[in-house]
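Note that the chains are named A, B, C, D and E in the order they appear, and that numbering of residues resets to 1 at the start of each chain.
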Amino acid sequence: MKIKIGAGILVFFALMALLGPLLIGADPAATSDDGLQGPSAAHWLGTTQTGQDILTQIVYGARISMGVGLLSAVIATVFAVLVGLVGGYFGGAVDETLSVLTNIFLVLPALPLIIVLAGYLPQRGVASVAVVIAVTGWAWGARVLRAQTLSVRRRDFVQAARAGGEGPFRIVFFEILPVLLPVIATSFLATVVGAILAEAGLSFLGLADLSTVSWGSMLYFAQNGQALLIGAWWWFIPPGLCIALIGTGLALVNFGIDEIANPRLRTIKVRKARA
Amino acid sequence: MIVLEGRNLTKHFTAARGPRGRFGKRPPVRAVEDVSIALRAGTVSALVGESGCGKSTVARLLAQVCPATSGEVLLRGEPVRAHRGAAFRDYRRQVQLIFQDPFASLNPFHRVRYHLARPLRIHGHVRSDAHEQELIAELLERVSLTPVEQFMDKLPHELSGGQRQRVAIARALAVRPVALIADEPVSMLDVSIRLGVLRLLEKLADESGLALLYITHDIASARYFAEDITVMYAGRLIESGPSEALTQEARHPYTRLLLDSAPDPDRVTPPEATRHGEPPSLIDPPGGCRFHPRCPVALPVCSGEAPGRTELGEGRWTHCWQAESALTP
Amino acid sequence: AGCSSGGSGGSGGTAGSAPPLVIHAVDAGTFQEDFNPYHLEGVNFGTSGMIHETLMYFNKLKPGEITPWLALKHEWSDKGKSVTFTLRQGVKWTDGQPFTADDVAFTFQMLKDHPQLNRNALEIEGAKALAPDKVRVDFKNTSYAKLFNIAGNSPIVPKHLWEKQQDPATFTNPKPVGTGPYKLSKFSAQLYEMEKNPSYWQPGKPEVPVLRFPAYTANALQTALQQGEVDWAGAFVPDIEKIYVQGKPEQNKFYFPPEGVVALLPNLTHPILSKPEVRQAISLAVDRDKIVKVAERGYTKVAHPTGVPMPGGEAYVPPEYQAAAYKVDLAKAKELLKGVDPAKLKFTLLVPSPFTDWVNAAQLIREDLAKVGITVETRGVAFQDWVSKVGKGNFDLSIRATASGPTPYFQLRSMLHGSLFKPVGEAATGNYQRWKDAETDRLIDEYAATEDEAEQQRATQGLGKIMVEKLPTLPLFYSPSWSQFRTNKYTGWPSEQDPYAMPSPYTSPDAAVVLLHLKPAAK
Amino acid sequence: MSFLARRLGFYLLTAWAAITLNFLIPRLMPGDPVELLVARMKGNVDPAAIDAMRRAFGISDASVWQQYLDYLGNLAQGELGRSITFFPTEVSTVIADSLPWTVGLVGVATLISYVVGTSLGVLAAWKRGTWMDGVLPAATFMHAVPYFWVALALVFVFGVTLQWFPVSRAYGLDVMPGLTGEFAGSVVYHAALPAVTIVIASMADRILGMRNVMVTTLGEDYVVMAEAKGLTSRRVMWAYAARNAILPNITSFALSLGFVVGGSVLTEIVFSYPGIGSMLLKGVENEDFPLMQGIFLVISLAVLVANFLADLAYVVLDPRTRQESE
Amino acid sequence: MNVLEIRDLGVDYLSGSGVVHAVTDVSLDLRRGEILGLAGESGSGKSTLANAVARLLRPPAAITSGSVVYRRQDGSSLDLLALKREELRKFRWKELAVVFQSAMNSLNPVSPVGAQIDDVLRIHAPAMSRKERTERSVELLQRVGISADRRRSYPHELSGGMRQRAAIAIALALNPEIIIMDEPTTALDVVVQRDILHEIRALREEYGFAVVFITHDLSLLMEISDRIAIMYAGRVVETGTARGLHKAPRHPYTLGLLRSFPRLHGPREELLGIPGTPPDLRSLPPGCAFHPRCRLAVAECSSVLPVLTPGADGAVACLLNGGSGAGEEES
């Protein structure tokens, strides 16, 4: 159920990001003379101060926001998987080093670090922002994966594979990795949420590329244009809501996966005992 | 013929967690101390002991899954030295393990076919895909998972515990080993289906001339399925002998306690009620004979020095200061 | 206190009856206790002008209008390498010590000794008190053109206190003593207050007894403006009607006079952009009216093609171009571009992301240029990145504001002077588009070499001609000087009709001049 | 106390890593603060002045190694250099002025969020299948809402529209800081909205985390047994289930602190709260190396200290770590 | 002299993939002071039955039918399934206590064992002073062989056997009439198990409580219990005295179980085992659920559901052994 709702939300946004621009077609940055219009038939979600259509911006922004989220989550997850699995499986000095590294990145406050890093970025393109976010976002996944690897490594099937003569590479990537897929999936999805939030935060602070339209940069412009003070709620509500919804969707899918792994977590309908 | 032999195997684990002693070093867990054991072709030997006494560690040492602290393992009389490379792979091919928990010993992600195909490939037993198919079918047949086609493409969770254990056995057989170590292969299975698996193992030892080590805490099943039994206590061997003789006429007080404690509805008089205390810690095991704190007949010497092996003839031996004297019933 | 005339008859407070004036000059979350007028960034607003005064006052809104202040007059000698000031008598520091030529000499000597304080880049040789009311400052080179920097932008500090400081560069002057109309009375991280200097040399002034400077960040200020907490501010307000005016234009006033010009910079080292016809075409295609209306919300005006602020700068504009104005002409633009390979008409337009109005302007420029077949990719980058890229010449097109001064010459010099030319890769401090032209340099040098106003104006007109005809850079609109002021407490603010000083509270010493003009509003 | 000793060692190592990272980042990244300052002055600066400023800002040409040693030496004396933004104020002064606000705000808000979130999580698990399940979708949504958006919404509703709360700064303009009731009241009043923002945005994680652990704990035999013992529901819920469920949550709470601090940076910026977050942004905007470094360092160290405190709490609460065995 | 009467009890788990009939139509009596053994394969519903009786079932489990009546010595009785929350709370532990399979998991890991006894006393015997409670805790712990100074130990500081003893001590705290023991010794090794079994027997002699002893180790049950009930696929298929069952099992399943245990002494008798695997409780085979694995099954077995029919020394539900069918095929 949760997975269905969550996946529904995600599919909706994915379609919006992929097909939306084709349907809407317009340039999200295109200005017009009717600035600061509330929602109307012409502009479903109203316009910004410079007359940009907010719906168009939301649709295009989905690409950037989700793109950054996915890209940095992919980078972070690949890194997390490598660090977590390698450290967890091989143990010893490799593991000690990797886990200290992981823990360091885990306790260092991510957003300030992102801000500082982004502050120095020469080129604040989508990719570099994604990389910066990934740099600070891999540690949690690596930690979880390491812990899981440690426990999976002890599982008999790994021992059996070793006794059967499998090499370490194959054990890590063919025996352990598949078993950890649900964990990797949850950690990936959580990283996506984190990355989308981080990108929004960065854009909101004006530390990302503001000439590309993303939900975060929309909020930045809304804030700069004092959308709140002039009561232009249609300007700042949709982007924030989209971020929150997509995060909710991802979280729902995540919780759904958790519940499959741990059925106790499900919400249950209590039936009266003995009818 | 002795196929696989462990000589004076000792294993100390440094615990990953737990208290540190002085200088920040953690005291080792003395899991296995001075264990020598031999497996013969076509024979089932049993290793019996209570939980935590080090049985699995012995199994792992023999299978060379983890290195021994001291002592050596001999395969057909040749000491095993290699720990990597082709020589070691060859060792892996000859000695195989079967694990206690059939639910954990198969990767839930891979199909039966994969589980059997991998060892076949790694050890170069296949010539072609068709040949592989043939070999897998043959293996499944040997462990009585028929009809073969039906089982080949199943995932572990689609199998019952007994069936999984059979797959695990088939996988071990796939590399064509000469020795098979079964670490509590049935203790996780329901009583009603244990027999089937044990019979299968017995049959394999019999027909293929495998040397089989049957590790268990159920001494009664060892009596039924093994030719000889070795009893272990707190990391040390204490007694060994042909199974019938050992179970009917134990020579070591611990073995007798074990036999007395085992539930047996046929028992006429229930054993006397005395508290025996708990098995000792392996971090700081009792000095001398490790059983002495619980031993009903302990002498002062028992706490001072570990008893050596006393040969009792007919393949029997024991580690007890009173092996010959007081104990003979 | 107590000598204020009229005003609202509030309850008999000790500090006089006129209400305090709440001022917001620069965005700040908190204040640091720094009142060193020569500090660039950390210094609190009001230090120069209200506390430390300059020798003269230059009204940028009326180029050429100079008011004697601490100095009564000046005299150049040695071909502009030396200037002698005659000082006002009877001026006292707020600690009671008299203000003398020693203080002035000390101040300029300090600038010489501590170059990091010499933010006007004065080439001082030395300074000498000739008499209690006479001081001479010597320069390495002819410095006629720098009179504004010398007399109008160098606040005088008290020698008797400052000479005790080991390092005036890090001295934060927490208890400032000045000659100005106000003195510091309260300081906390969120708010500081100044009260009137009772013994100020302009008798009866100022009439505003207390100035309050609360710390507002850019965002908080908007709310404060809306809620009427601030009386005088200088801020960009996205929607001034809704946020500030709120239907009371007679009370909630604003005045945004031009201060320098914002121009579209074509990188002249770019093979295509170095062609005058391409720049001409770009200029013809850009709809500056729309930019002003949409991106700048109509707060400013389209620049005069010479870049000279108008009205006010008439004397500095060549007569034939007095009435010149930009007109969009797409057909002509296309015509001009005929000879250029359309595939090469592709540029990136670099803008600093935080300047949202420029980001919007860039977007409009992109739309306009697309109409004549020029493809522009706008790229918003971090402020510091933009600074470094533009400084080093690593851009195709960019938007940048130019420095302003008391006459248009300052602006044109920094835009065009060959001495500021730096090869691509080296950080420039002006002339970012990299203009190199002998005629331009000659005119600029001519201006600097004379004290004669008419000659100076002629030189500047020459520069204006170059601007219109050769398009070294494309002026877009004047950068507005922001000022919002309410007339419910005080009146007498500058206006288009009476531009006696820059109205923005962040311009010093103009803000002090404004304060000296204010009178309590009649109830 | 080997557990604590080990953790302490780890934190020291992490602190060192943070310090070094802090040193490296600005040096690995391009950019020059003086150039920026010059840009701000619209070019009215003498090249000689630029060099002098550069020296004043401690930008030297010494070897990186030498710079690192100098940096460590200065740090040891508590010297973080001078801020460029607030030149010539010392970075340590800027931080000392702003840190208390952040610590107060984030500390109190986090405490509230932890207590309320944990309690709600416990209840949500305990009352599964009742209306309490409604908390979950709400928490799931809040879990994904950006801090600054919550802040903006609160500003809009309670600050701008209803005008119930001030929406900027840390205390009223008319009160002077001091140990007065008026000042304290003003501080609390001004902290209300930012604190609520942090509470709202960070509470969801606590609710969801606690609920999940709690649900798992409720299935444990000892909880079933506690119920079988006929204990009151409250006692079972708190003394048996929640008491155990809190343990794994302490670690995740400690680790999430960094996230909360990050969120509070954004919150501070929206509310113009004079804390360290606003300063950080200011530092970044002005490419103020010393200030950024100092603030990042202080935040990191604060999070490390908080983590260590959480470890201490863990040791106190879990007898298994308190004892010297596993 | 029954202390507990279970009648036609049914429990279902409402899982996503179908309803699991974990306990179906179970009727059982527990006599005062006896040890009733409950045996059966894994998943046969033993724990579910015990939890139903103790009212410890949680969703998705639901009691679908039947009654559980508790009879006091004074003749009054209590319908356990109808108890309200507060009544239930009062009934619990005073009259019925539970010892779980793994004491490591059933003791609160963050509370000393003494405090866990104290907890019970404080709620159920509010009249006792703190000192009295402490004395009682010490007494109970000593009674099960734990020295008084261990009162302050946390569960993880005790060995497996001691934990199990502590759990038993907690169960004894209020002198209950019934103690349900769900596999209390499975996690222990045989020597320790033996000691604990002795302890249980001795305590039973002393306090006179009745025990429901659950295990799948039939040979163990034969030794310790007075009567035994065998469960298969959620139903009780045979009951009888331990001796009787050992000598003459009547249900083929009981026989199969008995002949699955290798014997330690005497001649090596052939082990039978039971072929096949336990059924899926979501879709039981029609008729006797055991028939697909039964060596003796006849055609009828696959259509007629046998009911538990009392015999000389217990009851059996098998068509072959004096049992009778419940009529035609059931769904």
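Descriptive notes on the structure:
Assume contacts are C-beta pairs under 8 Å (C-beta built on N, C-alpha and C of every residue); 3 or more make two chains touch, one makes a residue touch a chain.
The UniProt protein names, listed by chain, are A = ABC transmembrane type-1 domain-containing protein; B, E = ABC transporter ATP-binding protein; D = ABC transporter permease.
Quick caveat: nothing in here was measured; it's all calculated off a predicted structure.
Contacts with chain B and chain D (ABC transporter permease) are shared by A, E. Comparing chain pairs A-C and B-E by the number of C-beta pairs in contact, the larger count belongs to B-E. Separation between the centroids of chain A and chain B, computed from CA atoms only, is 49 Å.
Annotation: 40 Å between the Cα-based centres of chain C and chain D (ABC transporter permease).
Separating the centre of chain C from that of chain E, both taken as means of CA atoms, is a distance of 91 Å.
Computed centre separation for the pair chain B/chain C is 89 angstrom, with centres defined by C-alpha atoms.
In chain D (ABC transporter permease), the positions touching at least two other chains are 30-31, 128-129, 160, 219, 269-270, 285, 287, 325-326. Residue positions 59 of chain E each touch two or more of the other chains.
Partner chain D (ABC transporter permease) is touched in their complex by these residues of chain A: 100, 103-104, 106-122, 140, 193, 197, 200-201, 204-205, 207, 219, 223, 228-229, 233, 236, 240, 243-248, 250-252, 255, 258, 262, 264-265, 267-270. If you check the complex, the residues on chain D (ABC transporter permease) that touch chain E are 128-129, 219-222, 224-232, 235, 239-240, 243-244, 247, 317-320, 323, 325-326.
The touching residues of chain B, counted against chain E in their complex, run 50-51, 160, 162-163, 190-196, 217-221, 223-224, 244, 247-248, 257-267, 270-271, 273, 275-276, 278-279, 294. Interface of chain C with chain A (complex): residues 219, 222-223, 226, 237-239, 242-243, 294-295, 297, 351, 353-354, 356, 359-360, 362-364, 366-367, 378-382, 385. Of all the residues in chain C, the ones that touch chain D (ABC transporter permease) in their complex are 29-30, 32-34, 39-42, 114-122, 149, 169-172, 186, 188-191, 212, 214-217, 219-220, 223-224, 226-227, 229, 260, 354, 383-385, 387-388, 391, 401-403, 414, 420, 427, 429-430.
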